[in-house]
Amino acid sequence: MATEHSRTAARLMVSPAVILLFLWMIVPLGMTIYFSFLRYNLLMPGMESWAGFDNYYYFITQPAFKSALVNTLLLVAGVLLITVFGGIALALLLDQPFRGQGIVRVMVIAPFFVMPTVSALVWKNMFMNPVNGIFAHISKSLGFQPFDFLSHAPLASIILIVAWSWLPFATLILLTALQSLDREQMEAAEMDGANWLNRFIYLTLPHLTRSITVVILIQTIFLLSVFAEILVTTNGGPGTASTNLPFLVYAQSLLNFDVGGGSAGGIIAVILANIVAVFLMRMIGKNLES
Amino acid sequence: MGQISLSAVTKSFGDVNVIPPLDLQINDGEFVVFVGPSGCGKSTLLRLIAGLEDISSGKILIDGKDATDAAPAERGLAMVFQSYALYPHMSVRKNIAFPLKMAKLSQAEQDRKVENAARILNLSNYLDRRPGQLSGGQRQRVAIGRAIVREPAAFLFDEPLSNLDAALRVTMRQEISELHQTLKTTMVYVTHDQVEAMTMADKIVVLNAGRIEQVGSPLELYRSPRNLFVAGFIGSPKMNFITGAEAKKHNCDTLGVRPEHVEVQADGPWTGVVGLAEHLGSDTFLKVNVPGVGDLTVRVSGEMNLHHGDQVTLGPQSGKLYRFDANGMAL
Amino acid sequence: MSRKSTPARQAVVTVAAWTVGFLIFFPILWIFILSFKTEGDAIRTPLGVLTSGWTFESYHEVQERSNYLLHFWNSVVLSVGSTILALVIAIPAAWAMAFVPGKRTKDLLMWMLSTKMMPAVGVLVPMYLLFRDFGLLDTRIGLVVVLTLINLPIVIWMLYTYFKEIPGEILEAARMDGANLRSEILYILTPMAVPGIASTLLLNIILAWNEAFWTLQLTTSNAAPLTQFIASYSSPEGLFYAKLSAASTMAIAPILILGWFSQKQLVRGLTFGAVK
């Protein structure tokens, strides 16, 4: 498959995608970098001036930054933890034969199709609302004081909402992987006297490694930029208790109109994502090659 | 017409030289078989002729015209792949018609040629099926059908029978031979199976590590192999090679004798013990350990009442000994 | 498998699976139920909700208050448009990478995927300004372009993994049969890859339908898809449970139904070819 003809053709065929993605990466990113060195506020057009690293300095030293950074990482880690462990458990359960497998599977997948704004609003109002939410009704009927989730545990609540959206994804991928597990291998292990736990640790888990990698990779990409759920539920608050990096940048640039500061924040978010990306790429590079 | 000539053709993948300079002439109407162990470069050579790979240097002429830089489609050759490479989403009819459609033939013309090819290949009843609904042999015939409708200058076959079971392989082998006799078109056929090479070829090209070891008709190669490699590759079971003192007696480095040329002789030079006896009825294969000579494989016609542990005395038929020098070349 | 499926064990599994499935699905079921209640009934205790009467009132009110059909149509145009555009760009690129791999193909793929790693906020400001200056704010065309670019790496990656499974010999056969590149891709590769292309298409329509960063930032009303339509219920209308439920049901129903119907193709698509 490799004549000069086909190689030339291949270069031609791949170039639109490469050029577009390159432009997409380089033009706005270049502008962001440029803006990040300007004193630039949308409320004061025409007043742009060179700021050097001031924007970075102010962005990083503002108290909100540290909490945003921590919140971003907690959000990613929290959701990954819940979805990976929950996903494995659910996949193991759904892999067993039982009546109505098809229907249960359809129910489990459903949250994946729900757009973030809807899931956030529904959880916020119908479930976590301290007066009329279902959780409030339940605690009242048990004689407890209703808990105001979004005021007292805003980040944990958002983690719960996001995890609900992503649990189906993890479950589905892991379930598919489980179903491709070699049954004869399992039977051989059983003949060899391996009990359920041993079979799980030595056969099932290694078999799932690849899919767990995929789950972590794909989810991290999306989780690093969770935005709508925060915008709709807590608006980053109370204070900055549920502000993550994307939300902080959004607030700075489009709510405070501080383009320079927002851009500096954007670049910092890109750098953070790249650190995570390098880490992840190493991991999948190893796991996806085979 | 279907004359192909390669002159000083080489191929390297990166630093790896797969085909050292190679010359080969394939005449019109010939059935040429490239044979050799896996990795010998025979498939690469075929793909170079097809135009699916670029040659690194040298020249390919098809019917006297320089085709070195021509795209596969422009060379007027048809190829049958090892995996058949049928288009799974098309019916048999559409599969066979595809080259005609690409050549922009009229629908009526396409239909006529497809029907014709289907009749030759006994596929008329299967034209509206998908490849997935066919047996291995039928798929093979569809692949051949797709090749013949183009009326190519030459057919290229890349190990076409290796995915079939043994019985079917024999049948298809005969069908391809008959097809060659009917069409009289040049065929270039790649296989690692020397039986296919022997039974089908007008001309066998034995390849080893990209080099041509010998070119000749099947019986030429059988009767007078040029070197140890060809001697060992052509013929089944393999020729026995004897080295050491016994070879020295015959003034050579390696002495070769084919299993079918060893007889049980009361006064033969080699006496040994039967290690293994395979009784097929028509033939008996013996593996005999002869002290000082080594294991000899012997093929005896008909039934022979010898078993493990029996002692037997053997000797070569007169004039059927092959002698090779230290470089492995025939003397 | 040699699992001893005793009736007792099977009963436990069945109950457990149904319970978990029901709990995960419950929020969706609940908004569906609430959407048929009056505002007064919708904030009662769960038992009160279930025993109260049913009504279509909320759906009427939502449609009166905002133009659902416009936002629905915007969502369709954005998700389908961007996905098809991405496919048109991605099919040739994936062909090239899958069938004419070079030394740098793997790196190129990784690079493409890494553009997905760039957080949207990193380029929010310039995108916003570019959109403003080119008059693209709140237009469908602008958003289609952005969504195409966002999903392009995933589309290419998915198609690449599907194309990799198609034996190269078949394409070579087409080439021997006289097909040029266009015919090879159009008549052989694309039809053979239909299942893969379909699941790529579906997954990306879903991703684009639910995309809620750029759609919220770059649209306000005319081009606003359903994500924005729902976000406008954030507050204080959010306290009107029945209306919020009706609007939510209308926003997720189309893609939920599509998703359920195409479950099988999706599962393969979701795994990005990494899990067989």
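Going in written order, the chains are labelled A, B and C, and every chain counts its residues from 1.
Just so we're on the same page, a residue touches a chain if its C-beta (ideal position, glycine included) is under 8 Å from a C-beta of that chain, and two chains touch if they have at least 3 such contacts.
A quick note: this is a predicted structure, and the numbers were derived from the prediction, not measured.
Chemist: Think of each chain as a node with edges to the chains it touches; is that a line, ring, star, complete or other?
Modeler: If you draw each chain as a dot and join those that touch, every dot ends up joined to every other.
Chemist: Which chain pair shows the largest tally of C-beta contacts?
Modeler: The chain pair with the largest number of C-beta contacts is A-C.
Chemist: Averaging the CA atoms per chain, pick out the one whose centre lands closest to the mean of every protein CA shown.
Modeler: Centroid comparison flags C as closest.
Chemist: For chain B and chain C, let me know how many angstrom lie between their CA-based centres, rounded off.
Modeler: Computed from C-alpha means, the inter-chain centre distance equals 54 Å.
Chemist: From the C-alpha centre of chain A to that of chain B, how far is it in Å?
Modeler: 58
Chemist: Between chain A and chain C, what is the separation of their C-alpha centroids in Å?
Modeler: Going by mean C-alpha positions, chain A sits 15 Å from chain C.
Chemist: For chain B, what residues touch not just one other chain but two or more?
Modeler: Chain B, residues with two or more chain partners: 52, 71.
Chemist: For chain A, what residues touch not just one other chain but two or more?
Modeler: Within chain A, residues 1-2 contact more than one other chain.
Chemist: Quick one: which residues in chain C touch 2 or more of the other chains?
Modeler: 172
Chemist: Which residues, counting only chain A, touch chain B once they are in their complex?
Modeler: 1-5
Chemist: Under the definition above, what is the set of chain C residues touching chain A in their complex?
Modeler: It comes out as residues 1-3, 5, 10, 13-14, 16-18, 20-22, 24-25, 27-28, 30-31, 34, 43, 45-46, 89-90, 92-93, 95-97, 99-100, 102, 108, 110, 112, 114-130, 149, 152-153, 156, 168, 171-172, 181, 206, 209-210, 212-213, 216-217, 226-228, 230-231, 233-234, 238-239, 241, 244-245, 248, 251-252, 255-256, 258-260, 263, 267-268, 270-272, 274-276.
Chemist: Which positions of chain B touch chain C when the two form their complex?
Modeler: 50, 52, 71-73, 77-79, 81-83, 85-90, 98-99, 102-103, 146, 150
Chemist: What residues of chain C sit close enough to touch chain B in their complex?
Modeler: Those residues of chain C that touch chain B are 167, 169-170, 172-180, 183, 187-188, 191-192, 194.
Chemist: Which chain B residues qualify as touching chain A in the complex?
Modeler: Those residues of chain B that touch chain A are 51-54, 71.
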